[in-house]
Amino acid sequence: MATVKLIEYGRASAEVRAVYDDIMATRKTDWINNFWKALASHPPTLRRTWESVKAVMAPGALDPLTKELLYVAISATNGCDYCIASHTASARRQGMTDEMLGELMAVVGMANETNRLANGYQVEIDEAFRTAPS
Amino acid sequence: MATVKLIEYGRASAEVRAVYDDIMATRKTDWINNFWKALASHPPTLRRTWESVKAVMAPGALDPLTKELLYVAISATNGCDYCIASHTASARRQGMTDEMLGELMAVVGMANETNRLANGYQVEIDEAFRTAPS
Amino acid sequence: MATVKLIEYGRASAEVRAVYDDIMATRKTDWINNFWKALASHPPTLRRTWESVKAVMAPGALDPLTKELLYVAISATNGCDYCIASHTASARRQGMTDEMLGELMAVVGMANETNRLANGYQVEIDEAFRTAPS
Amino acid sequence: MATVKLIEYGRASAEVRAVYDDIMATRKTDWINNFWKALASHPPTLRRTWESVKAVMAPGALDPLTKELLYVAISATNGCDYCIASHTASARRQGMTDEMLGELMAVVGMANETNRLANGYQVEIDEAFRTAPS
Amino acid sequence: MATVKLIEYGRASAEVRAVYDDIMATRKTDWINNFWKALASHPPTLRRTWESVKAVMAPGALDPLTKELLYVAISATNGCDYCIASHTASARRQGMTDEMLGELMAVVGMANETNRLANGYQVEIDEAFRTAPS
Amino acid sequence: MATVKLIEYGRASAEVRAVYDDIMATRKTDWINNFWKALASHPPTLRRTWESVKAVMAPGALDPLTKELLYVAISATNGCDYCIASHTASARRQGMTDEMLGELMAVVGMANETNRLANGYQVEIDEAFRTAPS
């Protein structure tokens, strides 16, 4: 059970409804998932977070599917159950296949393993990796 | 300073040299970075880790650049300095531009933010995200 | 389900009861929450942990509400569901409003975002931040 | 060494300078710390992050010192060296004493300890902590 | 609910069955736990992960019980509920008593506490700890 | 550089000296490492932390070497450079060989990998792992 009351559309203030409307229009859907209903307990956080997510996840130098794969990888690394569930669903809608999910999880597992090996042995960064980017 | 002695090629056993040779051949390079020289203090871990990394990072349903981007994202989330430096360098070699790195970091930041908001409010997973994959 | 048996007051040893009595007296309550019943499976850990928590959370240079806010922030960052639930409840008893919780979560989200951006770009610490405290 | 070039004021675009100017005006200071110079490698992330930080850290239901204490606590939990250094300096400027820092770190240590005990024993959330907020 | 379909033995491919058979033979058991059924959604990850786990957890310079204790400690630190449950069960089968679990959790709690104190105060590594291993 | 002044023995209060004396007597050594000199900036935290570490790391159902191995594993998982350096040194003094360190790191890597796979696939805990301990 969430630690705040979820704000349903029908009970929401005009300020919150405006954000909900933009979420539904942007995502071409007619429902709002619980994450936003919880954030709506603090409207400035709802608005700011939505605007940031909307800007960050839009197509750019990286395509939307790649961005969703990154989101799943980070959420799995952090162990955020909600985010894993919601972004795995989003990634599937963007075209992620089982094979892609399998490879994604393989990279997640391997990176988490080698991150700890590098830290655990206190490996020093090679000079070649310190060259300033041009 | 690493907590184990780094094993240079010239002092390495035949078993370790075989792995080093495969690393250099696979990566089309003529040097070995410190990570592997530290793992070489325990040859079974060196061999197993290299074979896993080689398999996992090979082209498949996801292309090598996408895999490097995932590696950078996870390493940044875990705060592994060595891995951030080495995989950012690898990603640039695979074609990552500054613009792509900027968008990558934006997703990393946003996912880490919303992971904590979802956890912090203890948001329950929506039924729609629980539908079994077909 | 906990990985150890929870120790109820009626079945507890004198050593455990003494700690339970102190918890209830200190907190002016008549029940013991599951966390302590699990720790009671190892009485030295129960006693040491309670004495540390009691000392650390007492009023001092920081007031008890500020300490509870810090506890919620850390628990959200670590994704500890139990601790988020129990310390959000404690913070509310200490006077935390929805507005304060909203701002708290906004800081939690932002700090987790910028922590990863600073790590991800491997930003060097400015000289001005290294000045020794007087 | 950062994985991107730091953008100095003199070499910055008009867009980046506008953000730098606002940072200096808001903080009543005449220099820009490295964090922002790294973010400036991707101007949309610089602007969005600064606007979010500015809004989130402004006085509200929580005062600015409390917000800085939270930032230090989270940065210590995540092990972000840069953020620990910069926000400990900010907290001192806001009035944090050694005594307050000592109590802050004591809470950070204790919360990280009990977070792992609650997880490690898989303690179930008490019904009393699940009561919906009114 | 898992984000992939669990693969039961009866529906598994020959490749997956071969791994399942080896798991059951190695562990002298007649069932497969859910972790492997989820990994089976990507057979190369199933095989590689099982072979690595089998090699790493085999008796060596460290005995199997010590390895299981380490696994529980890491899983508690990462907050992986599944892994805590499964490896606590494995450790008990290897002979872990309640007293040992109590001491294990005490070390887990203390290490997580002092890790954050050392980071939070940015303590510099003593020269004595930097001496190269012979 | 630490964010507090390190307290040297010669400048320490009687309260701090008493703890330093106990550390040196317990460890049969004649120096104090930086961690304690930083904690001494807040004497109650110094005393409480030392007493807890002394109690937790004493021989019991688990021997001191096993406890040091656990400490290294957790510190590597959390990426605490100071703690990795100091506890790897302690473990070596307690008899840890390169072979043992190699197996330890292999378990650390593997556990961090499978923790993320279990979380990433949201694997449900098997009923068999939920049986209450007797």
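Think of it as A, B, C, D, E and F in the order they're written, each chain with its own count starting at 1.
Here is the rule we go by: a residue touches a chain if its C-beta (ideal position, glycine included) is under 8 Å from a C-beta of that chain, and two chains touch if they have at least 3 such contacts.
Nothing here was measured: the structure is a model prediction, and the numbers come from that model.
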Far-end chain from chain E, centres as C-alpha averages: D
Residue-number overlap at the chain A/chain E interface, same or different (half cut): different
Chain whose average C-alpha position is farthest from chain B's own: C
Mean-CA-position distance for chain D and chain A (Å): 20
Rounded Å distance, chain A centre to chain F centre (Cα mean): 33
Centre-of-Cα separation between chain F and chain D, whole angstrom: 27
Junction residues of chain A - those touching two or more other chains: 1, 3-4, 41, 44-45, 48-49, 52, 56, 77-81, 84-85, 88, 98-99, 102-103, 105-106, 108-110, 112-117, 119-122, 130, 133
Chain contact topology (line, ring, star, complete or other): complete
Chain F - residues contacting chain D, complex: 3-4, 41-42, 44-45, 48-49, 78-80
Complex interface listing, chain A residues touching chain D: 1, 3-5, 44, 48, 52, 55-56, 130, 132-133
Partner chain A, residues of chain B touching it in the complex: 1-4, 31, 33-35, 38-39, 41, 45, 49, 52-53, 56-57, 60-62, 66-67, 69-71, 73-75, 77-78, 80-83, 85-86, 88-89, 92, 97-100, 102-104, 106-126, 128-131, 133
Residues of chain D defined as touching chain E within the complex: 72, 76-77, 79, 81, 84-85, 105, 108-110, 112-117, 119-122
Footprint of chain A on chain C - complex, ascending: 79, 84-85, 88, 98-99, 101-103, 105-106, 109
